[in-house]
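Here it is, the structure, as structure tokens.
Per-chain numbering from 1; labels A, B, C and D assigned in written order.
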Amino acid sequence: MESLQFMLILLLSPLAQGIIKKIKAMMQGRRGTPVLQPYYDLARLFKKDMVIPRTVSWIFHGAPYVVFASVLAASMLVPVFSAGRSTGLWAGGGVGFSGIGDIIATIYTLALGRFFLALGGLDAGTAFGGEGSSREMTVAILVEPSMMLAIFTAAVASGSTNLGVIANSGSFFFSPAHVLALAAFFVAIIAETGRIPVDNPDTHLELTMIHEGMLLEYSGKYLAMMEWAHYMKQMLLFTLAADLFFPYGMAGAGAGFGIAAAAGFWAAKMLILCFGMALAESTRAKMRFFQLPSLLGAAFVLSALSMITFVMTGK
Amino acid sequence: MPKAWVVVYSITDFITVGMLLTVVAMNSLKRMESFIRAYTVNSLLLAALMAVSAFYLDAAHLYIAAAVTLASKGVAIPLLLKKVVRELKITHEVEPNINTPLALVISSVLVVIVYSSLSKGIFIEGFTENTLKVSISIILISLFIMITRKKAVTQVIGLLLMENGLFLAGFSLTYGMSTIIELGVVFDVLMGAIILGVFLSQIKKTFIDLDLDKLTTLKG
Amino acid sequence: MLLPLILIPLAAALVCLLIDNRRVYEYATVLSCAAISAVALFIAWSALSGGMTTQPGGAIYADALSAFMIVVITLLSLATSVYSVEYMGSELEHGHIDKKAHRYYYVLYNLFILTMLLVPIADNLAVMWMAVEGTTLVSALLVGLYRKRSSVEAAWKYIILCTVGITFALLGTFIFYYASSGASGGGRGALEWTALLAMAPRLNPATVRLGFILVVVGYGTKAGLAPVHNWLPDAHSEAPTPISALLSGILLNCAFYGILRFAVIARASLGHPFVRDMMFLFGISSVVVASIFMLIQRNAKRLLAYSSIEHMGIIALSFGVGGPFGFYAALLHILNHAIGKPLMFFVTGRIKGRYDTVESEQVAGVMKTMPLVGAVGFVGIMALAGAPPFGMFISEFLMLKALAAGSHWVVMGVFLAAGGMVFYGLLRSFGGMFLGAPMSPAPVGQSMPAHSTASARIPLPVGADVNRRLSARRFRGLLSGIVMFIMAGALLVLGLYIPGPMDRLITLSAGIIGR
Amino acid sequence: METDRPETASSKTTGKISSACYLLYAAGCLIPGLLALRDLLFGYSWHVSLPLSGGLALSFGGGGLSAYFVVILSLLVFCVSIYSAGYARHSSAPWSALILYGIFVSSMYAVFYSANIPAFLIFWETMSLSSYFLVVSDTENIEASRAGLLYGVMTHVGTAFIMAAFMVMFFATGSLEFPIIKAGLAGAGGLRSVIFVLALIGFGTKAGIIPLHTWLPRAHPAAPSNVSALMSGVMIKSGIYGILLVSLDILGGGAGLPAPLWWGVVVLSVGAVSSVKGIMYALMERDMKRLLAYSSVENVGIILLGVGASMIFSFNNLPSLAGLALAAALYHTLNHAVFKGLLFMGAGSAVHATGTKNMEEMGGLIKRMPWTGFFFLVGSVAICALPPFNGFMSEWLTFQSLIMGIKTSVVLTKTFMLLAGAALALTGALAASSFVKAFGISFLGVPRSHEAEAAKEAPATMLLGMGILSAVCLLLGIFPGYMLRLLSGIPLPGLGSLPQFAPGGLAVTGVACSGVLPIVLLGALLAGAAFIFIFPLVAGGRRKSICADPWDCGIRKLTPRMQYTATAFTHPLRRIFKKIYKPRKEVRIEYIVKPFFTREIEYRSEITPLAESYFYRPLVRALHNVAHSAKRLQSGNLQLYLGYILGTLVILLVVWG
């Protein structure tokens, strides 16, 4: 049963997107689109025909599959609401340890998706695709260190990079190191999911877009896959944040809640994060691309601080 | 110590100092003729020294040595030099690079260095001590003359002067080695002089002038 | 068995002097060199079996060390004579020298060999001095052979500097004699090396020290040890290429041989440290000076000349550090250098034959125009740079070993640093010449050393005569090419395996030096 | 050699013969490879000694570390030789190149087998020189000969340092044989540090650590591509081998004699700097092969991260972690050899097909040479450490060891490990970006030049060589357990105590516990792909797709020149990191009517490598100045020379007379 918990991410990620949109709309005093709008979009896109540029190669066709598969596989590695000993596709797995997938593996699997996303953007040979990929990779370069450092904090604190172990050792949470790390990680999520102030998910103004730039040539089924994968990535990152920094209330964890309760906790955490995201988006304005380093640099400083405080205080 | 030795010492010292003086004096000479003359005097003194000690030590091979020296250094080489000078029409002055007083000072410094640095431990007995020091001084000073003079001919003369000093040293240290060696060395010197003469004419031909300042095309 | 070494070259010289027929005197020279090589090998053999060969009269004699030197001298003179036939031949055919000078060259060549052979077989140190002085006089004439301004200048400097230097060597010799006479109680002294060695422990140290200083400065001048090396680059760059090869390949070693002989006595009376310090002083300064001058040297022959200075410095160092390894390394290095340096001079001569210059800026693409010469040349510079698997690596490695054992770290550091600079200099200059696209469309077919530019200047003879001359030329080129390949091969072989007899000879000689 | 010459009949036959020879090489290298594999698995070792001139000897030995490197070498030589068989057929390679290739390869074998100082030095230098000649083997290429000069000199200087290190060993132990030295050095005390520093400089030059890397990005591209594959794949690993041999095996006294703490710290920092800066320069390159060369610098840095961490751990007496870090380093050594060889071969066939190394003149190659494109893509994914390929596994291990280091060691080393971890993370992202660029710009999009338009697929043998290595990339990625089993056969500190796992699995236990099952990960990926392939058929049903021009903002025609160039792709980073890159930008505009109608706009942007502009150029300039001023000593003035004689004499008389 728990081995299928990734299905939650697969199925509910569009909902999360919808919720965020809704909250934003309400904050901006609009009624906004219905919460289920992302589902409608996906369904429609899946039904549409595709327009394929003449110039593309098989990379263009392959990219959506790789992107989606990588995000899905990554979410299979992550304990959503249960980090139980027996859970997980590969609990033990003959590897002589318990619990579910590895955080570094998760991050790098996501990176695989990003790699092909960028290639797909370049394949059509248009300026916008190239621009999108270039900026995406640049942002990734700026985000990666702070994200990894933030993860290190959690990993070192619990003495493992194994998400199961991390989630199980709920003893430490809300130590100063973790607060700082969480802040850094949140900024990282903003950048990774292409949210304001890094990127504007709703724009199609060529000169400012990053993620949309890469998707510009995609349509129909492929676009649906890309978008879905994007939603899933967003929710996956939320879940990761939860597992790493406030795993309290997971099933099979030290506290050992029941499945239902754990699922409830998870939903709550997700809602909180969605709200935070919406808040961040509607209170900030989109930054110029070359102002990003200051923001992400700040994130890096935060994570470094968290690491250092941990090294110094040991908690 | 037999009385003869004392005499020998006094005379030889007298002569060797004379040789040293001629060499030192050459620092102040400017005209080519006088230069050659000074060299001739120097060689004659050398020959005389050999003869004297040959007489007192009545060693036959020293007479030979003296004769050879006289013939080669006292007569042949000066003539050769004069011939070269005449052929190459080297008339004008032999300008030193540095002025006379300084040259004199430096050469005396050289003498001092030699006298001070040749440790007493070297010598066992005999007139060699003073003579050796003189001869080394002569060699160094004539090398110094070669350094200060511009003309190629003066280089040759300086070289020959060094040979004289060398002969003096060899003679004083060894009472003249075996004659064969004397002859060999003299032969070498003679050949050297001749070949140098050849090259002097070569230089004259190719460089028009015998000034050494011209001979600086090969650098680095 | 030693007299032939003197008589054969003398005879050859007379032949060259008297018979005015190019073929004859060329062959006479080559044959005499071959003959003395044979003799040399015999001497070496007897030295290996029975120790020293003495001649009635005792003025000349040969022990293992002399035998070693004789072998080196004769074999190299043979190679050079073959190369001379090609090189001077083409010089003649392109009118760089006239017929008279051409013959005159061979006369002097034989005399030069003669004088050089006299050095190692002289037991009497004064005789040895005469021989060395003789080499100066003869080779000075050879250096000035071209009668150009530059060559005359070089010859002049050469003869003046070397004569001045050598004067001090004779003075030093006298002083040794004096010391010996002192040792024999004021009686007649000795100039025979053997005798001196016998009484070495009783010699007055102060006297010996003075004498040794004078000898080192004197013969050091001739051996091209900095800071009294200045004649060397000029003479090497201006002499006809085969003579440059002889100068750096043998002559320097002959002069250094003089130092070696005296050093043995000096060590016996003063102990090793004094000799070591003198050698380190001159060795280090030579290596440093040479490496600095090689950095930006543009003229290939001058570059090689400086490299000779460096190698003499290395020999001095490894002799200075001493110990069985040190002495062995010194002699082995003498051997290697005597093969590698002439080889590079031959290569340079080929380049000059093709491009009519040895300025590295004006030469490019040798690998294209003369692939074999380029390949041999690369082998040569790698060997000279002391890179494995060539002979010099072994000798330098042995020296380093000895240095490390004696913990002379400063010397080692300087040597290694200089080695880097030397490698840069060699590779920069020669690499530039060998690589790149050939600038002027040069005629192909490298066995025929036709001057691309000079042949334009000189109208070549016509008709059947041309063919005959061309074929003869091709033949000569082929011969010297073979010689060059043999030498390159020898460098490689010495790096991997020293033939047993040669090894024993070197070991014996090392024993003599290290006595 | 890169350009196709018109094939005459003779050149065809030479091509046939030389490709046959290359196949022989390929067959030949299997023997030592398999033997070494056996030694490694069953812990055999052997030792032979041959006499050398001068009373020296050449000793060789196998087993352990050297066996591991021999395996790497053989694997790569096998594939590269097969590749070269096709390569030589179409490029007018001279005979010398064929022979030199043989010398180069065999000298590398000899280096790994060497068991005493003379053997090591001789074959080390032979390896360097033969590679030098291979770099300049296209004798008319002046740029190559310049690169060769730099390479030759730097490697020679490096060898000098190695020699010095060995000489100190000899001084300390009185022996030239590694085993005896190993035994004797235990009590050497401070000398060990001297040896370590000298060796690190010497071998670091060959390994291409910053700032000793300058020769690498010049020499590797200049060599023919099959050779650059070997140079980047294995030769620089010989530097790593040397560092491991000296600092862990020999100085470790065999018995894991712990290194001083600062050794590990130095190696770790060197590794961090090299990895980050190497990949940053790689990112800025337009020249495909130089990009790959710079990324080699990065990967050497990553390897050194592992080595340094392992040193620190063994100092802190944590053998299992030391083993883990070392395993990571060795594993990455193999991996880098594999995918860098693969990438260089791919680049080689691309360059061969287009006749240029500049990526901005390629483009769209994947449609013209699909297989090459595919293999290059595999290599790129692997080198970016993306699962499920091999690069990921070794970097994962490195990450693990660093994180555990942060957890366990003292504050000072904690900090260093922390920085190293951040560097590694940054490196990963930068690498991804540069290889997105490398692959995207040169293989995707529209051809940017006629040559690229006319490019042809490489011949089968070349593809075969690449194909094997691609397969190896995947296998090494999904069966890491076997690798650890292999590594635990090496007698180096900690490797013995490596935990064993199921072939597919890889895990860290002890201080921490985590692990991955790459094979399952692969399964997950496939499952995800399958799901998303099936889902639309169910949900949306089959839809047709229309072909159209890409979106052009209403300009009627998009030309290839409107694509994003490599320069443009990295422009943001050039701006963000301008402190490090110090970019020089110049824009030249020709006007018809100023300032409105321009005839031509030229935009040039270059970056200045720090090490060169602040260390090497000044050094060379200084040397040249010294040399120039020294010329005055040889002024051609005879009197001066005579003065030298007099001066020398007088001084000696005064001092000793």
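Definition applied: contacts are C-beta pairs under 8 Å (C-beta built on N, C-alpha and C of every residue); 3 or more make two chains touch, one makes a residue touch a chain.
Note that the coordinates shown come from a computational prediction; the quantities given were computed from them, not determined experimentally.
Using mean Cα coordinates as chain centres, the one most removed from chain A is B. Of the two chain pairs shown, B-C and A-D, the one joined by more C-beta contacts is A-D. Centre-to-centre, using mean CA coordinates, chain A is 34 Å away from chain D. Our note on geometry: chain A versus chain B, Cα centroid distance of 99 Å, whole angstroms. Distance between chain centres (mean CA atoms), chain A to chain C: 77 Å.
Residue positions of chain C touching 2 or more other chains, listed in rising order: 156-157, 160, 164, 168, 210, 233-234, 293. For chain D, residues touching at least two other chains, in rising order: 631, 634, 636, 638, 642, 645, 649, 653, 657. Among the residues of chain B, those in touch with two or more other chains are 118-119, 143, 146, 155, 215, 217-218, 220. Which chains touch which is summed up as A-D, B-C, B-D, C-D.
Remark: chain C residues 156-157, 160-161, 164-165, 168, 209-210, 213-214, 217, 221, 227-228, 230-231, 233-234, 274, 289, 292-293, 295-296, 328-329, 332, 365, 367-368, 374-375, 378, 382, 385, 387-389, 391, 393-395, 397-398, 400-401, 403-405, 407, 412-413, 416-417, 419-421, 423-424, 427-428, 431-432, 434-437, 494-498, 503 touch chain D in the complex. The touching residues of chain C, counted against chain B in their complex, run 124, 126-127, 130, 133-134, 137, 140-141, 144, 147-150, 152-157, 159-160, 163-164, 167-168, 170-171, 174-175, 177-178, 181-182, 186, 189, 191, 204-207, 210, 233-234, 237-238, 293, 297, 302.
Remark: chain D residues 51-56, 96, 118, 121-123, 125-126, 129, 133, 136, 139-140, 142, 144-145, 148-149, 152-153, 156-157, 160-161, 163-164, 167-168, 170-171, 174, 176, 623-624, 626-628, 630-631, 633-634, 636, 638, 640-642, 644-645, 647-649, 652-653, 656-657 touch chain C in the complex. Per the touch definition, chain D reaches chain B in the complex via residues 631, 634-639, 642-643, 645-646, 649-650, 653-654, 657.
Per the touch definition, chain B reaches chain D in the complex via residues 97, 110, 113-114, 117-119, 140, 143-144, 146-148, 155, 212-213, 215-220.
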